[in-house]
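What follows is a set of structures for review.
Next, two complexes with chain A in common: one pairs it with chain B, the other with chain C.
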Partner chain A sequence: MKTKTKSKQWLWHLILLILVLLVAYPLLYMLCSSFKSLKEIYNAGLSLLPREFTTENYDKVFSSLPILRFLANSLIIALIVTVFKMATSLLASYALVFMNFKHRDAMFYFFTMTMYVPFTVLMIPNYLTINKLGLMSTLVGVALPQLADAMGIFRMRQAMRTIPKSLVEAARVDRVGHMTALVRIVIPMLRPAIIAQSMIFFINSWNEYFWPMLILRGDNTSYTLTLALQTFMNSESGSAWGTSMALATITTLVPLVLYLFTQRYIISTFMSSGIKE
Partner chain B sequence: MNEIVFKNVCKNYGNVEVIKDLNLTIPSGQRLVLLGPSGCGKSTTLRMIAGLESITSGDLFMGGERVNDLEPGDRNVAMVFQNYALYPHMTVGKNICFGMQISKVPKEEREKRLKEALEILGLEPFRDRLPRELSGGQRQRVALARAIVKRSPYFLLDEPLSNLDAQLRTTARAELVKIHEVYQPTFVYVTHDQVEAMTIGHQIALMNENVIQQMDTPDVIYNRPVNTFVGKFIGSPSMNIVTAWLDGGRIYLGETSAPVPEPWLEKLEGRTEVKFGLRPEHVQLSEKEGDFPCQVIYVENHGSRKCISFQVGKESYYMMTEADFETHDQMWLHINWRRAHFFDAQTQRNVGYPQW
Partner chain C sequence: MPKQIKREKGRPSPLASKVKAKLYIAAFLLPSLIIFGVFMVYPVLQNVELSFYSWNMVSPNKNFVGLKNYLNLLSDAEFLQALGNTGVYVLLLLLMIFVLPYGVAYILGQLIKKGTHFYRAVLFFPSLLSFVVAAVIFNWILNPLSGPLAELLSLVGIESPYWFRTPGLVIFALSFITAWRSFGYNLIVFLGAIVEVPQEMIEAARLEKASDWTIFWQIILPLTSPTALFVFIMTITFGLSYVFTPINILTQGGPTQASTNIIYLIYQYGFDYFQTGRAAATAIVTLVIFMVLVVIQKKLEKKVHYEN
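Moving on, here comes the complex of A and B:
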């Protein structure tokens, strides 16, 4: 009996190991390749470790592009988007859970319906609006259409529903306004869920390529890191794989560090269904 | 001063009527218990006072002021919830002080009230603990302390003891009454437990099917129930109520009959079918010949008392007795007419009591 469960466990671990490799290999390959010369990248096939360790790719990236500027641009957009998305999600879901008003549920369904509208449909009207507002080639222009998010409202509402209503009612009886109740009672109780969702918002915005490309045209000092990646990829001078890998590594670094700091919240949020008193 | 008055208050959820034309006056400084089975509208009534439920029609006055449209925070009520509603991320001290902080009570005063409340409820050692580190009884006391420090003229309690075990409940009941006596707020207490209602209330409003059936002192509610519902709801085991027939000055329970004494005959004149009620604690059985022959089915030992189930004809009855009870083949039911109740067979309303 015991050996059976043990061998079963081994099997599971083996499967997990294969899955980890599938996910981690491209990342490791990217990291290792960024320290290889272009020649070695072409010749080495799938082998990981560089035979000749070189930082020339990084030197090239930093000398040819204002990387710190791009990093700042990416950060600014991602932070604006994350903060606003979270704020709007929290406000909307608080109202949807703790306040009574007509057509409350209909409103919620309406919000969630917007999740099913594909980006490609919104792209042109958003583009035209940003253009009309004179926000082309600005970071605000990239962030503006992303300040509210139906998915965030949905997730935060689900999380808030696990909080007993009487907590907010007790606060209301004690003369606590809705805003204070949200900030001092609801948000502290949802900290793990908020951190996890914020991470998702941040990474989504950080990784975004197509929308910033539409808005941040021409003026390449306003580029984000993801847009900068394409500057090493062009058909005329051939693709500079080494520098691309170096830049990709830099681009991956920020979400990776953030994840390391917040992973315990993310895991706890996805493992448990929330707070139960 | 701080009385609460409901005038023709109705509450609907969509098409569902939850409260029907409620007229109720809760005198200042009194303890009123809203009692009733679940779903009878008692919690809704309490929540309307707190402002947590809107009023569909009618008027609610508190301290002479119409409060229909007042926010919960502006009604100056203190409320204890069934699940205590303690903020899980705040310590006991912070939980108790949070409301005062919001109301901008000066720090010294806050500290003073906190200390007093902790002392009264024996919570001093737990001041810096989180709610999850407390037992059920301690949490309940924290919720109570949070209500006390508000110094509110209205105290609303929504089944505050229902999550406690039986022993704790007894001490907590006494604690509640003691606290009321210290601060004298107008006290509205919701429960489905008749023992709590009887022990805590100056007055009990017994609700059923969205309507107050009877509102009176515990004694009157117990001794003079206005209808069969009240009779059955109060008392444990509940009142024996059976259909009886009157004919020729005699009362028939099934096939057998007994003479009805003069005062009752006057009261029951003109009736043939009635509901006859007798509380188990007022039933007398013995082997000595009496009003109705009966047969004992079983005896339940409750420790201090015994509950005897017996039959007259086909109807089952209960008796509670402190005496050592011995069963015999043939027993007799003796009716204590001064403790009997009669209700109308159709309306179920009490027909009244004779002068003895």
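Moving on, here comes the complex of A and C:
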């Protein structure tokens, strides 16, 4: 009996290690290729580590593109989106959890339904709206439709429901305003969830490609990193192998660093997202 | 207690406080409602309107054509092909990011004794990458001339196909890239549900010599079915949107529309062909299909909830 479970443990770890390899190899391939010359990449076969370490791909990326500008653009959009999404999500979920009003459940239902509207359905009308507002090719035009988030409301509501209602009610009896209750009582208790959700907002915005492409494609100085990466790969096709790996590595650095610091928070937030009510 | 009552007495009139409470509710909800109203509800309504017109998005004239855009879809070869492709995408995605992570989450959460934290941290990471990065990496890895997969295949004497230019294979390649990026997210959501399953039940089953397989089917599956339902619907609705970026970067729906799907087709009609009315009609059809799926999910969810 014991040997049977032991041999099975091996099987499970083997399956998991194969998956780890499937995840890690492409990432290592990206990182290692970015330090290889084009000639070496073509002849590398399956070997990962560069024989001759070179930074020429990075030099080329930095000299041919205003990378710092793109980086700043990505950063500005992601910061605006994160701050606003967090604020609107906290306000709405506070109302949904701690305030009593008619049709509260219907309101929540409405918020969750918006999650499932595919973005291509919204694309043409939103494009026309941004155009009408004169925000084409601007970072604000990219951020504006994304200042509220159903997933954020959903997760913040879920986190707030773990706070005993009596705590907020007691404060309310003591004439503490809703805004003060939110800022002084609720937010401090939700710190891990708020950190995790903010990271997710930030990373998702950082990674976004399609909507910024529609709004910014007319002006290549307002490109974001992902947008630059896509045009770079397509424009130089075969010769851009090493350089696009360098640019992909740069784009990946930010999510990677954020993940290293907040890994536990992020994973526990996602782990609880399927459990409802 | 008496203290509280005293305070109640000092409160403003009930009517005034009622109005104030309403104002607060509005103030807290409006920021989200305005954004959703302008950039979600209004666009859906505008799509309904546009779907009755023939328009190229720039001309000042829109021609009312009634239901023609919808009727035309029924005989539109591109739409029917996209619908078929969508079915293939859904099947592949369900296999790769619904069935597979469900099983792997069971291994991670209940079967292995060590290493759970390491595995979940590594396997989750690609979910934080941009689909653009994933597409760029696999563009080179799947390169048929000198990419690593081609090298690997040549070791066993197989010539690498042109993944992105071969109908049939192209959907598989794009689904794989999407799955590579999204597998970890679904894995973690499943894991969250599976570790919540009461240990006593599993241990009791073990004492009765139930196999891991039986435990999965008879204990894990019924107890995690609300989460499974949620991931199932997300895999279909979000999955089809996720494929969008790899399609847009690597194939633009080609070769000859072999890799397009209904989500991508809306973009093609709108921004490649400038047939705004047809794009809007396709968008509405897609939205209706998705909403039906979500409503079915909610109904089933309630049922599952009561049964447990």
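Keep this in mind: the second predicted complex is superposed on the first by the 246 of 277 C-alpha atoms of A that agree within 3 Å, B and C clash if a C-alpha of one lies under 4 Å from a C-alpha of the other, contacts with A are read in each partner's own complex, and residues count from 1 in each chain.
By definition in this document, a contact is a pair of C-beta atoms (placed from the backbone, for glycine too) under 8 Å apart; a residue touches a chain by one contact, two chains touch by 3 or more.
In this text the structure is predicted, and so the values were computed from the model without any measurement.
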{"item": "Partner chain in contact with A:Ser64 - chain B first, chain C second, else both or neither", "value": "neither"}
{"item": "Chain B versus chain C as contact partner of A:Thr221, first or second or both or neither", "value": "neither"}
{"item": "Which of chain B and chain C A:Glu169 touches, first, second, both or neither", "value": "first"}
{"item": "Partner, of chain C and chain B, that touches more residues belonging to chain A", "value": "C"}
{"item": "Partner chain in contact with A:Thr180 - chain B first, chain C second, else both or neither", "value": "first"}
{"item": "Contacts of A:Thr55 with chain B and chain C, given as first, second, both or neither", "value": "neither"}
{"item": "Contact residues of chain A, present in both the chain B and the chain C interface", "value": "173-175, 275, 277"}
{"item": "Chain B residues within the chain A interface of the complex", "value": "50-52, 54, 71-75, 77-79, 81-83, 85, 87-89, 98-99, 102-103, 146, 150"}
{"item": "Residues of chain C touching chain A in the complex", "value": "4, 7, 21-22, 24-25, 27-29, 31-36, 38-40, 42-44, 46-47, 50, 57, 104, 107-108, 111-113, 115, 119-126, 128-141, 146, 148, 151-152, 180, 184-185, 188-193, 195-196, 212, 226-227, 230-231, 233, 237, 240-241, 244-245, 248-249, 263-264, 266-267, 270-271, 276, 279-280, 283-284, 286-287, 290-291, 293-294, 301, 305"}
{"item": "Residue ranges of chain A in contact with chain C within the complex", "value": "8-9, 12-13, 15-16, 19-20, 22-24, 26-27, 29-30, 33, 41-46, 87-89, 91-92, 94-95, 99, 101, 107, 110-111, 113-114, 116-126, 128-129, 144-145, 147-148, 150, 153, 173-175, 178, 203, 206-210, 214, 226, 229-230, 233-234, 241, 244-245, 248, 251-252, 255-256, 258-259, 263, 266-267, 270-277"}
{"item": "Residues of chain A that touch chain B when the two form their complex", "value": "100, 164, 166-167, 169-177, 180, 184-185, 188-189, 275, 277"}
